[in-house]
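Two complexes, one shared chain (subunit A), two partners (subunit B, subunit C).
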Partner chain A sequence: MRQEVFRMERVTYIEKGIKRLEDFNLQIYQGEIMGLIPINAHGLQELLLLMQTNMPLYDGHIYYCGERINSWKNPRRCANRIGIIDANSRLVEHMTVTDNIFVLRQGFRQEVIQNKLLRKQLEPFMSDIEVDIVADAYVDRLSAFERVVVELLRAVVAGYRLIVLNEISTVINGEELAKLYEIIHHYGRRGFSFLYVSPHLEEIMEVCDRVALLSNGRIQKVAQGEEMKAEIVEGYTLEFDRMVRYHMENRNQAVWQKKEILSFSHVTGEVLQDFNMKVYEGECLVIQNLDNQVFQDILQVLYGDRKVKKGNCFISGKRVQLPASKEIAVIAAEPTKTMIFGELSYMDNLCMGLSRRVPGVWKRNMRESVRKEYGPVLGEEVFGMPVERLSEKQKYQMVYTRVLLQKPRVVVCVQPFKGADLAHRVFVWKMMEMLLDKGMSVVILTINLADSMSLADRLIRIGKDGIIQEINREDFGSLSITAPWLSLYRTE
Partner chain B sequence: MREEYRLKYLSNRVLLLGVVTLVYFVIEAVHNVLLGIRGEETVLQAGIYVLLALGYFMIVWFGIILPYRRSELLVHRFLDGYLTESRDFAEVFQSPSMKQQMDEIEKILRSPRMIDMNKRQAQYLALQNQINPHFLYNTLESIRGEALIAGLDSVADMTEALAKFFRYTITNVENLVTVQEELDNCETYFLIQKYRFGNRLRLHIHYDTEDWEDIMNCKIPKLTLQPILENSIIHGTELKIGTGNLRIQFERTVERLLIRISDDGVGMDEETLARLNRKLGRDGSVLIHGEERKGGIALGNVNSRIHLIFGEEYGLHVYSVPQKGTDVEITIPFAVDEKRMKASFM
Partner chain C sequence: MNNKKQSPIRRLLAVKGMGAALTAFVGLIIIYIAFGLINQAVFSSNNILNLLRSMSKYLLIGIAQSYVLITGNIDLSIGSMVAMSAMISATLMTLGVNPLLAVMIALLCCLVIGIINGILVGQFKLPPFIATLGTMFVGRGIAYMVNNNRNTDAIATGIGKEAGDKFQNFFYYGTTAGVYNTFWIAIIMFVIFFFLLSKTRTGRHIYAIGSNIDAAKLSGVNVVATTTKAYLVSAVCSWVVGLILCAQAGMGNMEAGNMYEMYGVAAGVIGGVSPLGGTGILLGTLAGSAVWQTLENGLNMIGAQVGIQRLVIGIIVVVAVLLDVVLRSGQFTKKKKG
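Entry: the complex of A and B
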């Protein structure tokens, strides 16, 4: 007999007059790893919110560990004992691993903190999952994987029976992900349940017992076993497969000239040491970061937050300062949140990049001509809308069109698929393909290879010691990772 | 002025009066505090006024505004098609006559007549065109006899299955039956359909062997599974090219029995699915909005009967992906003792 750990029964949740969840049903059993694929992200944040906190419901009931914790009849605004782990750390900075796991937990009553005892208490947990993290290490110095493990252990120690892992593959790399799967299977066997949220079907297939499809705030389908493959994968990846196949054929036919456009020579940052790299004209280069600190270092250099200690960056042989160069555009991670300026109009947002190339862009006639040219593509209605009210797709379109207007030679996309649901991933993919078609070089900085692989011409894997591996497109098939499009390269 | 803010509504007049009184209290409190600071009045007097203003606000907020908002939400839900019980208003009623009105509405909605209506509808749906059942049994038996004499075994088997199906459907619809009995009836029904569809139709039954005995003895309303199975064939697999697979999956938890009837037929689009689930969640839609149940009559009927017998927490929910199939999930409290079950729910 199966034990239900969590159940949402016909939940309708309304926020600001909009139905975020409607007739929402979900049940998670004890020891189960339940997958959740957001076909579109409508309602996902609210679902996570309702799992954490009991907000007033319009209809339905929520049960956790056999107890009704929320109901439309009796709203109780209180927090639930459900752990959520995602890209943002929920650990308390400037405190050690043991402090976060044991001391900050509810019910910790020791008045004098005995570090030696806490270290001893942590040992069996670490040996159980075969992970070695220094117990006295400050959590802000941990790698992303270690941080995730500490958050997981904190939830386990606190006795949370359900732990949500939200888009965790955007935080840790493939090898670490495989290790994390071992850990969650281990705790699954011990009766802990997990909700694994990811738009990556291959991850869900690998780790989950069942999967639910979330679309427009409703669960469209729950599948398990063979159904998962037959109904979910085939149903939702066919279009994407077709796109990728078509793209690969086009790239195969293209005549390549290895003309160097961007190069890094002996670049040294805080962690990054003596880094050399070349980007060729019109290529799509994927840089997979296997170390989180190196990743942060590269980002800070790109955004101009940190100056390089040593080394230079060249564009077509000319030395340039990275963020200032108009030849390079950077699209930050989650651009619909980070690259939209709410206080500016749509047109101002759109023309920002262009102003680096054409100083007179703020003149009325210039802007009119931009509107005339891009109005039919973007839709006339968006020019009169406050940017915050644009749909997610319109926001993506605006950011990528902004880059297109700037006409840089190299576009660096930082985790372009992060935070995007299944529908928007396809859109982002198309936008990047459009940049490539315009002859620009696209550099994708990522941790997860799943979607980026489908566009890549070359892959560079970077760790603490610089470039670990460089692989050309024709050798992608030999990669020993789980990525959906590898089969297409293998059949080439 | 927007309609909801007009003073023709008593609630807005009360609100206006409350705000005016509150403003008066606040002005008095501020005035007295200022006098207190100047030394023209004692601090105690000023304090009393501040406390009065605060107390008035608290009483109005917790005693009137919040309960009023709650009762408004319940009315909105009722208008949206949800059936609301009188005890949901238990916190506060707007007037004694309104309480009486709610009790009366509830009496009508929960009356035995209403339950009976649903049972009869179930019977009707199962039989479609009801003709004299006894006459039909006898005729079917005669046909079977003739078929056996003529050596037409398949005709005899088919006739036997049809007679068995009719007998089960007609008798004691008001009773709860075991899952085993319902499943037997489903298999009989499937056998009849097999004569029509041949190998194009397959039925698979899945369950956890450990719980099998418990599940088979669990009590459920009669004619719960067959109408949904029929729906899956007619709206799912019949329209599909190639073999159609139907699956009945049983799962038991500590408190509930979950039955999932799936097909790999044509499925339905998201909008239709949302509309169907909306209807299933709101029993009152038909009564309040006079919505005609276009399609999903069988599902609506089974769902209404489960709601009426076991309460709104149980019932049906539909999942579907276009061109991939539809799943109907039935949730019923797990109980093997009919008497205890009736005592708990009826």
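Entry: the complex of A and C
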């Protein structure tokens, strides 16, 4: 009989008067890789919180390694020995790999640090998983994949029996993901258990033994093996599939001129060398970054944190500065957190981009006309609400409408689906389609292809040496990678 | 809920920072009445006029610091700019330079410091505390050097008694409609900067960079220019306060404006300007500076020692900031519902 590592039994958790988890049941066995697909994100953050710390429960019990760690009867406000790895690093920057793995561990008693000894201790772990990371490297200089591996090793060394990987495919690229799966399987065989959270069934299918579907704070279904792919799981993504298929048909019929809008000429950053690229009017271009440092480099240039060392950016042949140009709008990753002005009103949030085009935007009549035009679409009630109280959907809508008001010619979306559950991914997808319908070019910057392929007209894959591969829509079917929606292109 | 149907009072209360400002006003009234009950002289018209005049300096300093605080930064060079303004204008006037030209030169010097602050913080991304700490020493150094490490003589020795009196009356001793000119100057500047902050694009950009600097950048806000504008407002207000102090003393004092940057922070945060940036309205700063001055005045009137005065004011500042932090983190809400 398989040994159980973690169990949540009839857990109901209430936060701020709202039931975040209701009658929630989840079991994870030793050595198992359990998948979790959030159909909607309601309860996901709270689930992760309850795994890390024992917050007071309204009902139910939580067991870990055979011990009851939390119960509605007697809550223990202490942290659990469960590792969580996601987009945000939990390592201490400016400290070395060995410091993070060994020294900052509970129970490390040595007063004098012997680096040589620590290096030696790390060696077998590295050779076990066939990864080569310099033991004395500072963690802030590691690549995203190396950082994930160090966090994983830290959890393993600390003796955590359960490790949660939350949307890790938004952090590392496909090849690195494949390597990570090998490592996960390796530790799975050693008795470590994993909870792999991802909205993509393809990823789950590749790595997990079982999958649980989370919806409205409940586990709706647990499936395993072939059942995962069967109608129950697919049923949840059917609507999205249908939308994508319809969009693809429309895009195939649409004829647009290859008129150049945005171009990068010999752009050189810290890592990126001599990069050339063109974006055409009305197209959706996906740029997949195969190297995380290149990705960071592009983001820094895009956000104006760093100027390009060499080269230029042109809009319709005219040289422009990023991000100051009003012709280009940038939507950062997880916009509902990063693109919101929490202290400003809804209207001020909405009009922030408009102020690039109309200097007198804060005149009352202008605001009223914006309200009149967009009120029916956005809903009248949002104008009186503090932005922090808006729903996720309303926040997405606000950010994309802000861009729409700015009327740029090119919209750059950085990992637009990151952090969004299935329902919100559909909504983000619709918002981007709306931008395309308005004649704007959409550039999606991403690490993992995932949903981006459902909108793409062209794909560019870039690494340290610049463009590695450029693929047009008609050739998407030949891509030898695992990504959602590729099957649709293959059957075209 | 449709915004059009809201009553003016509800609309007023819906303005972010208005709650804190009104709380400060209520606090002001309570403090004032409490002191008045202890000592009736607090209610005398003479005392009210003096109160308004001395409050004006703190109001201007408060406006200066509030602008910078709302951008999420701080300006430690305010006091030094006050000293610079007082010393440069007084020194020039003692040398017989036309007072108008003298104050313009002082303004220019303050603006240079403001621009340097803006560029160091906005362009080179220096921590504002360090950047303005540097310019604080530079400013104070200039104030010392202007007249060879000495306070100036009376300004009337250079520009003559009549011009000297005119200058002093304009900025400090003269009255208009029965109220000291200092107060009117402060109120006019308050109205201008209130309008700038609440009704203009620049004002929204100031709030935006204090609220979310990255999103502001991506929304096309010129962070360097906006930060510099906030520091320039600070410089202008400091310049005026320098002139007021110069007019009050009739001479230039190298130590003028000492600690004023901290008084500015106090006036702002008491009135609900968040030291974390993004929130606060100048109406709050007005209330904050009035609370500050009323406390000082009232404690003086009831014969409290300077130590007690500082202690009380210090506690009030800490409580105001604590309230801001607690309210932002939502700890009150959690406790209620838990």
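What we mean here is this: the second predicted complex is superposed on the first by the 489 of 492 C-alpha atoms of A that agree within 3 Å, B and C clash if a C-alpha of one lies under 4 Å from a C-alpha of the other, contacts with A are read in each partner's own complex, and residues count from 1 in each chain.
Quick note on the criterion: a contact is a pair of C-beta atoms (placed from the backbone, for glycine too) under 8 Å apart; a residue touches a chain by one contact, two chains touch by 3 or more.
All values derive from a computational prediction rather than experimental measurement.
Asks: Is this a clash or a fit when subunit B and subunit C both end up on subunit A?
Replies: After superposition on subunit A, subunit B vs subunit C: fit, no clash.
Asks: Please tell me which partner, subunit B or subunit C, touches more residues of subunit A.
Replies: Comparing subunit B with subunit C, the partner touching more subunit A residues is C.
Asks: Contacts for A:17 in the overlay, against subunit B (first) and subunit C (second): which applies, first, second, both or neither?
Replies: In the superposition, A:17 contacts subunit C only.
Asks: After lining up the shared chain so the two structures overlap, which partner does A:439 touch, if you call subunit B first and subunit C second: first, second, both or neither?
Replies: The answer is neither, since A:439 touches no partner chain.
Asks: Rounding in steps of 10 degrees, give the angle subunit B-subunit A-subunit C taken between C-alpha centres.
Replies: 100
Asks: For A:2 in the superposed arrangement: first (subunit B), second (subunit C), both or neither?
Replies: first
Asks: After superposition on the shared chain, which partner residues are touched by A:191: those of subunit B (first), subunit C (second), both, or neither?
Replies: After superposing on A, A:191 lies clear of both subunit B and subunit C.
Asks: Quick check for you: in the superposed arrangement, does A:379 touch first (subunit B), second (subunit C), both or neither?
Replies: In the superposition, A:379 touches no partner, neither subunit B nor subunit C.
Asks: May I ask you to decide whether A:159 touches subunit B, subunit C, both, or neither, giving the answer as first, second, both or neither?
Replies: Touch partners of A:159: none, neither subunit B nor subunit C.
Asks: Rounded to a whole Å, what is the shortest Cα gap between subunit B and subunit C in the overlaid structures?
Replies: Minimum over all C-alpha pairs: 9 Å.
Asks: After overlaying the two complexes on chain A, where does the subunit B footprint on subunit A coincide with the subunit C footprint?
Replies: none
Asks: Name, in rising order, each residue of subunit B that touches subunit A in their complex.
Replies: 73, 77, 82, 88, 208, 210-211, 214, 251-256, 270, 273-274, 277-278, 280-281, 313, 317, 319-321, 323-325, 327, 329
Asks: If we count contacts the way the header does, which residues on subunit A are in touch with subunit C in the complex?
Replies: 16-17, 303-304, 323-324, 326, 329-332, 338-345, 348, 351-353, 355-356, 359-362, 380-381, 383-384, 402, 406
Asks: Which residues of subunit A touch subunit B in their complex?
Replies: Within the complex, subunit A touches subunit B at residues 1-4, 9-10, 12, 22-23, 25, 29, 58-59, 61, 66, 72-73, 213, 215-216, 218-222, 231, 235.
Asks: Taking the complex as given, what residues does subunit C use to touch subunit A?
Replies: 1-3, 6, 14, 16, 199-201, 203-205, 207-208, 210-212, 214-222, 274, 278-279, 333-334, 337
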